[in-house]
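Below you'll find a set of structures to go through.
There are two complexes below, and they share chain A, which is joined by chain B in the first and by chain C in the second.
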Partner chain A sequence: MGEFAIVWEHRGMIMDGFESTLIIVALAAIGSLALGTLLTIPLMSRHRVVAAFATGYVDAMRCVPFLLFVYLIYFGLPTLGVRFDNWSAGVTALILYNAGYMAELLRASWKNLPKETIEAGHAFGFSGWGLFRRIILPPVLFAALPLIGNQLIQIVKDSAFLTIIAVAELTHEATSLQTTYFVPFASFFAAVVLYWVTCIVIESTVGFANRYAEVRR
Partner chain B sequence: MTTNDYLSIVHGALATISMSLVSIVLGVPLGLGFALIRWSRLPFFNQLTIAYVSIVRTCPAVTLALMIFFALPQFGISLDPVPAGILTLTLSTAAFNTEIWRSALMNFPRDQYDAALSFGMRRGTRFRRIVLPQIVRSSLPALVNEMTLQVKSTPAVAVIGIVEITRAAIRVGARTYDPLPPFIFALVLYSVIVFAFVKTQRAIERRYDHAGAH
Partner chain C sequence: MTQAMPKPVNADPAADADERPVVLEVSGLSKSFGSNTVLRDINLKVHKAETVCLLGPSGSGKSTLLRCMNWLEEPDGGTVLLAGQRIGVRPGGNVRMTDRDLAAVRTRIGMVFQHFALWPHMTVLQNVMEAPVHVLKRNKAEARREAEALLQRVGLADKMDAFPAKLSGGQKQRVGIARSLAIKPDVMLFDEPTSALDPELVGEVLSVMKDLAREGMTMVVVTHEMSFARDVASRVVFMDNGQIVETGSPERFFVAPETERARQFLMRYAARGH
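Entry: the complex of A and B
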């Protein structure tokens, strides 16, 4: 039990890492949802070429393992002249990668949207961006809510990979705590519990939002 | 990139494929076992399985790998990187497979089970002859989907020093100061592996459809 006492004594380190993880996840969640939403428009486009490019992007993201993608951004882009520090490289990678998944699940939800809704929108004089924002997007987002929740949990799990490019997130801090004081079980156990709590909070928040959406429908 | 560089990444691909396959071969039946514990509501073990699935499902594979590799020796179990990596991947895929098998069991039509009972089939026979063939069929797409996710999460074991595709590509990139070509080659290899899984699933499904027509 002495091990847990050491981790408790240095809880500041773990909490700093946890805070970074939460900030990274929040930025990545907002960024990938926004970018994914925008990406859904070309994905559903009637222009073949536009749709093919968007589909290509989504499929590429779904084929690459996240770690390889992080390396691609962190080490690969500088050879093309784009420079990043590890923090922004990590967040950028999370956003670009998960935007592909977000776009794909929003596309599926959009396809299930009844035609009448869009036709009614047309009849009321909505078109273009206004039609998308006011008529299409709200029901599409509501219907996709549980899947968006799953993807948010995936973002939490992916964020742990950023330890490899030395972003000081939760797993990274747990590793440095365990190497300094040799308390591997207690420090990783603390990290696992914090990841678990984060995901449970996300799940219950999404569940709550889902019930709210059901009531409004 | 020299031929040797390509070969070293292909060598990494063998590690990725074999570790994925071993963890799938272990993880799929293990998931079924856990799902049966949940289904039969075996006291104590049921709660244990619920906790296991809930925690592992939300635990990043990297963190799990580090924990298994560094913390198990404290309890007198010292694992080499490869067994530790296989244990990590098996535990994580089994948690997802448990949920897939469980949902198939929950959706299994009760009347068929009762019919088998009325024919006097024993518990084991009932499961083997009536339940299992049908839940295998209904779970297959979800199981293969999980297998492709599993292939994509294998780079997590690179943190404990296993040289699989991603780590092999990094090494080549670090040596040649030109990381893009090895990364792109690695990407092609991953796509080929994932594609092979999807193809196999389609082939098995076609065989099932064929068998179902008779």
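Entry: the complex of A and C
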């Protein structure tokens, strides 16, 4: 049990990493949900060219391995003159990548809305942004809630990839702890438990929100 | 969109003699879905405080006509005038209105949908207040008072904070009517308002509509409820195959229809026990 004692002794390191992970995940969750929401507007556009561009973006995100995408943002973009520190690059990559998924699942939920609900919006004088914001978006979000929850968990897991660009998140800190003190099992196990706790919190929050949404569907 | 309109084949002397102001006027309206013509040369005037019932077999174009009246369906030809103002097309031309202008016109036309189309994420009260507050920008406290009064009037004072999912069909449709009244429309369009209801819930909705008609609301009602049309309509418009076949007072239409098609239609209903 010596391994775990060492990890406990250096728990500050793990907890710092955990804190970073939570901040990264929160920023990425808010950012990708917001960007994904905005992306549904061109995705559902009547103008074919606009819709094609948005679909192209979503498909690109869904087909690129996340690891490669992070490399592209952090190492690739600077050659074009766009320079990020590793933190911003990591969060940006998470947002851009997951926004594609968010947009796609919100689009599906929008498509499944009863046609008459939106028509009633038109009939009562809503148009443009007001129609989207007040009539379309809330039921879309309520309907998509379980899928949004899944995607949040995906963000948690994707965030671990940011260790490859040396973002001091949980996986990165667990790795450096084990290389310094040769405690691979205990430090990785501790990290796994913390990821697991994060996901449980997300799942139960989504479950709670789902009960709120249930009566509003 | 022609300027000189030929004399309409389905002219209605009774309607032309009506001296009340015309609220809604449809002229030479046509509409096709692909190669399927659903409306051809429709001419119809709705006067203030009239209840016009659109009757006819399924697929005769009644609902499409109703939906053309507030431009939810864009007609291919002809005009729709609301209190003399052209809907859907900018003044003096054939250019479509902007979405924003069209939306503004629509706030003068109430609509009640077959499947209620309440906004599921809002309470009953919020549904009724939504357009007055967020489209018409009325004072919120005032809109709330009015919405409460309207819900009282349709018998739903105790359901104000419920969500639509918790209501029966009849209750939902009464909310739909209150929502429509809340914008204080010049005319209300009803698209088969009782067709999706269980038979025992039809009465509560029809009785609200009856009251509205009596109080002088201008209404256009697509319906299969013959007894409602007979008792409440000021005028019946019978459609078949995308055309207005016959129009007249309910007394005349139900007792002595002029056309063979109307006679057959009424006989089919009588046989079904309506």
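Here is the rule we go by: the second predicted complex is superposed on the first by the 215 of 217 C-alpha atoms of A that agree within 3 Å, B and C clash if a C-alpha of one lies under 4 Å from a C-alpha of the other, contacts with A are read in each partner's own complex, and residues count from 1 in each chain.
Going forward, a contact is a pair of C-beta atoms (placed from the backbone, for glycine too) under 8 Å apart; a residue touches a chain by one contact, two chains touch by 3 or more.
All values reported here derive from a predicted model rather than from experimental measurement.
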Return first, second, both or neither, reflecting whether A:55 touches chain B, chain C, both chains, or no partner chain.
neither
Under the stated touch criterion, which partner chain does A:64 make contact with: chain B (first), chain C (second), both, or neither?
first
Between chain B and chain C, whom does A:195 touch in the aligned arrangement: first, second, both, or neither?
first
In the superposed arrangement, which partner chain does A:178 touch: chain B (first), chain C (second), both, or neither?
first
Contacts of A:72 with chain B and chain C, given as first, second, both or neither
first
Based on the superposed arrangement, let me know which partner A:216 touches: chain B (first), chain C (second), both, or neither?
second
Specify the partner with more touching residues on chain A, choosing between chain B and chain C.
B
Using the superposition on chain A described above, determine whether A:157 touches chain B (first), chain C (second), both, or neither.
first
Of the two partner chains, chain B (first) and chain C (second), which one does A:88 touch, if any: first, second, both, or neither?
neither
Over in the complex, which chain C residues touch chain A? Could you list them?
70, 72, 99-100, 102-104, 106-107, 109, 111, 113-122, 130-131, 134-136, 163, 165-166, 179, 183
Using the touch definition up top, name the residues of chain A that touch chain B in the complex.
63-68, 71-72, 75-76, 79-80, 153, 156-161, 163-164, 170-171, 174-175, 178, 184-185, 188-189, 191-192, 195-196, 198-200
For the chain B and chain A complex, residues of the former touching the latter:
54-55, 57-64, 66-67, 70-71, 73-75, 151-156, 158-159, 165-166, 169-170, 173, 178-180, 183, 186-187, 190-191, 194
Chain A residues within the chain C interface of the complex
114, 116-117, 119-128, 130, 134-135, 138-139, 142, 215-217
